[in-house]
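Each chain carries a letter (A, B, C and D) given by its place in the written order, and its residues are counted from 1.
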Amino acid sequence: MEALIRANEGHAVSYGGDIWTERAVGKFRKHFGDDIEVFFVYNGTGANVSALSTITQSYNSIICSELAHINVDESTAPEKFTGCKLIPIPTRDGKIYPSEITDRIQRVDDQHHPQVKVISISQVTEYGTVYSVEEIKALSEIAKKDNLILHMDGSRISNAAVSLDQDFRTFTVDAGVDVLSFGGAKNGMMFGEVVIFFNREIANPYKFLRKQSMQLHSKMRFIGAQFEALLTNDLWKESAAHSNAMAKLLESRIRNIPKVKITQRVDANSIFALVPKEIITEMQNEYFFYVWNDRTNEVRLMCSFDTQEEDVEGFALKLRQLVG
Amino acid sequence: MEALIRANEGHAVSYGGDIWTERAVGKFRKHFGDDIEVFFVYNGTGANVSALSTITQSYNSIICSELAHINVDESTAPEKFTGCKLIPIPTRDGKIYPSEITDRIQRVDDQHHPQVKVISISQVTEYGTVYSVEEIKALSEIAKKDNLILHMDGSRISNAAVSLDQDFRTFTVDAGVDVLSFGGAKNGMMFGEVVIFFNREIANPYKFLRKQSMQLHSKMRFIGAQFEALLTNDLWKESAAHSNAMAKLLESRIRNIPKVKITQRVDANSIFALVPKEIITEMQNEYFFYVWNDRTNEVRLMCSFDTQEEDVEGFALKLRQLVG
Amino acid sequence: MEALIRANEGHAVSYGGDIWTERAVGKFRKHFGDDIEVFFVYNGTGANVSALSTITQSYNSIICSELAHINVDESTAPEKFTGCKLIPIPTRDGKIYPSEITDRIQRVDDQHHPQVKVISISQVTEYGTVYSVEEIKALSEIAKKDNLILHMDGSRISNAAVSLDQDFRTFTVDAGVDVLSFGGAKNGMMFGEVVIFFNREIANPYKFLRKQSMQLHSKMRFIGAQFEALLTNDLWKESAAHSNAMAKLLESRIRNIPKVKITQRVDANSIFALVPKEIITEMQNEYFFYVWNDRTNEVRLMCSFDTQEEDVEGFALKLRQLVG
Amino acid sequence: MEALIRANEGHAVSYGGDIWTERAVGKFRKHFGDDIEVFFVYNGTGANVSALSTITQSYNSIICSELAHINVDESTAPEKFTGCKLIPIPTRDGKIYPSEITDRIQRVDDQHHPQVKVISISQVTEYGTVYSVEEIKALSEIAKKDNLILHMDGSRISNAAVSLDQDFRTFTVDAGVDVLSFGGAKNGMMFGEVVIFFNREIANPYKFLRKQSMQLHSKMRFIGAQFEALLTNDLWKESAAHSNAMAKLLESRIRNIPKVKITQRVDANSIFALVPKEIITEMQNEYFFYVWNDRTNEVRLMCSFDTQEEDVEGFALKLRQLVG
């Protein structure tokens, strides 16, 4: 917010020619290396879809988890804008694995069949789990072997970095990721996400596709200023570490509540748990959370940069009381 | 062919205003009832995709079998042209079932999620099986209840009619199908397929979408003339009955060959069978067929309107010899 | 900015269920009437394109001025996202006129030809001129007669309102406009635009198309809060009146400079003028402006909410000196 | 027709692996050189649109005459399928000229503006005129200089060849054309058109895009067989020479009829003429022709491969009588 106030003063060149944008790009270069292209966009769907449209032809297909944000939470923007088919892989833990991908690389060069071109993974996954560096490298190896491109939806990448206790580049560019959607909104920003290409050549058409996908902001300094702030003094890490810690705390508090069953590893800032159906509504009256699966009564509990310890304790207490 | 020769004589109005087209449409009305709209197009992909684009908005999704022609054999034409997501249902017999569809009607009215609008089934299915009238009615009931549209890919509909021993309308319009792709090429035609709407209102935009999808033939009489011939004197039935019979014969001849295992019901004109890997190439040298699954060595054997009894016997004999 | 700081405090429901969004929508209802639908989006291109995609089928065409933002400044987003053809009308003053539209409504119901569906006008136009209420009504009459929809790109609608000395609804909904893109960024906002439907029925699919066009902001309160502030205490009018006044002042200061020729009416906050080629670079070193036409050396001078009187006087003085 | 009968006998590999297709491709190689790629499709719109989609990115624009078939007679298929903007150039004679193109190559590398990538010309033009070899070379020079691709819509290319008295390659590949839609239906074929790439590299993605654009015929031999026949013994030339001659005859017969004014050069097989409004309907009762412009009463008279001398004489006589 303070960053925005400073950016609001004085005049500035529009469409990214300003110093806030420049400084923010510089910060990204520090984290990811100099040989990258960095583009600011509005939101996560915009980041994913515009990135995917740059690395595909319309007759391609994109492999992802069946739970991937691009598969279930972006309307049909990926299909509409890229023309491609998404190939969803069933998942138990939110991740996809090399053998599953190999199985789906079929009928190569057959004009009748969508041609696989992209592997897209989410880090943190939609089930709150985090790919290890080795898991990402294994996917990257398949991508390289079969001439595919590895895309990472990093809307919660900061939580992943904290969870892995690694800097960003270790599990992205150094692990073989080609294109990254780097999240801002889920780490406290007012608006703004980033698309980073680790291969400058494939980034060539991107500026046109960003504009065409309605993601080019005129007053780009307001996105740049927020990212500069986020990447300064490890503000990103502080926020993410806090939300991860709150999730761990919550896990420890509810793990032993009878009739409550945690269903996924708590790697980052979300917890998935089966709870008795009859207590859900009353919990929701007091706390905001989604029912993930209304057949199994699995709920998703998210901790964020502004979740307080009292909230966590209060939630756990209430849950324990209701479950009785 | 004779029909084409007749249509080739004299002048004719283009784009469907000719008498061949009119007579062919009349034949379809006899089979399906008067309250229908009939449109000629070039091929099966064109029929399916232009039909789907008429009954969807770009934010919709289309439920189909994972093996559906629209899902695996039409490049990404369905996604590119409609903008929609295809939701593939895993299948053992080529069919999809009501409970599987109900499971996938999720997050209705949620702007983030593709909104299911179409159930698309293939009759005959890609596994050579045929939906019963009751199975189609059950799917139609779900469609009506949830305001969905039921599309049938009938590229081999003649084989299905013969298999069910029903006239066309019993398992299409009378069973609740809304839109039908009616196949010509797989029943002996040189080119041409048909899209039939059983609800005239939803057909309104179709003429524009057919042109836009590059499926409007100027000399439409050459498609009309072929369909008129196909639908006259039960020529369609003769062809389909023959190919179905050849498949039955083939089934009886290879069912007991050791190490050969038929994997699907032989309802129409195709047979799926596991065969020893080592004999496939030698068989293919003499007979044209596809390996359906090269991990399991499942092959697909298609009988057509011009398959001869000797071909079948020869194939079975050769197979028995090679298997030893 | 202060509005943003307030919206930043405390928790809020995402995707528009918050009180800032609700209050901002209430403000729009005060200006435009209760029977409207109001949707917040990110930017002007997003507003225009998502609105156009709601009111067209892919086989339609959209009539606009050849200078329209949708025609020359939005990449090919309108074509890509709607599938429609844009029909550009040559213009001398930035406006399009009824007889020009009538000329282009051709081959109605002809499947081979794009079917005109939308008239899109910009208010203020790209040449800085403002449509009178009567001019808009005349366009609306044609639209109603031929079953077209009238869209207004109002990225600078506040300047138009001040110029016409009318409230917003007089020259929009009351003049027959069906859909409006209401600008925020060009009136001082950090980000955010609005799409307003004056006919609630045609707005039905919009929420899905907004999401699909990547224009749905999760933290919508930050857009709502800005619009609430803009529409409170006539802040919008103050800003627009100021920029319009600065343009009038600039016009009066440079009108009589020799070799400078003002080419368009100065209705709002921009001035178009022919200037000697040799002085352009030196002027641009000190002042930011675009060369509109580098063959005729026509430049576009924009005044904004933060243009100061000294800037205007300084610019005019410098220009007079250089021209000599 | 005889060619089709022959192709109808015996079995054949589908999707173009047959000998008819191979022989037809060989014929094209004889006419255009060996270093080409030849693809059969269904119709003219399919040929143009699938070709354009191969040589553009979605943020490009395509320059053509305002009368171009791709601009006014293909619904919005070009926009829908390529995403590109068409830039129509006003024309008096159906042609477009180098200086007009240069004027429209604007804002190169500007992300906000559609980027010109293709010049598309029709040979014969929609006004029945024929580009000279020099005119095509001049357009090609601009294309090469500005990194554009020159596409020719040759739906009536045979008539152009006869009119120019040149072989095909002189005014296509040798004049700098990169991609050609070669017409079949307008030269007597039952169905089928061809896309020819004179640069094999740009043809790489075409096979996928042909399938995706629903233009891949399974029984391709029936297209190949017709083209083989058309290109054998100069059958194409005979047909085109005949229709051109009939047009010349018609021109000579009606040129001096009072109140009839021929408006375009008669280079090929069509005549444009102003005729008195009151005689149009009566003429149309007996002869099929289009009113090109119902404000000026300009009509288009097309001669085809099966127009007879008596038809021409009869038409001219009737016209003279009615005009009085």
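Definition applied: a contact is a pair of C-beta atoms (placed from the backbone, for glycine too) under 8 Å apart; a residue touches a chain by one contact, two chains touch by 3 or more.
The shown structure was predicted, so the numbers you read here are calculated from the model rather than taken from an experiment.
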item: Comparison of A-B and A-C by number of C-beta pairs in contact, larger one; value: A-C
item: Chain of greatest Cα-centre distance to chain A; value: D
item: Between chain B and chain C, centroid-to-centroid distance (C-alpha), Å; value: 50
item: Chain A-chain B separation of Cα centroids, rounded to whole Å; value: 40
item: Separation of mean Cα positions, chain C and chain A [Å, integer]; value: 34
item: Touching two or more other chains - residue numbers and ranges from chain C; value: 58-59, 74-76, 80, 83, 111-112, 208, 211-212, 216
item: Chain D partner contacts - residues on chain B that touch it in the complex; value: 1, 4-5, 8, 11, 13, 42-43, 45-46, 49-50, 74-77, 80-81, 185, 190-191, 208, 211-219, 222, 288, 306
item: Footprint of chain B on chain C - complex, ascending; value: 15, 53, 57-59, 83, 111-112, 115, 205, 207-212, 216
item: Residues of chain D defined as touching chain C within the complex; value: 58-61, 71-76, 79-80, 83-86, 88, 111-114
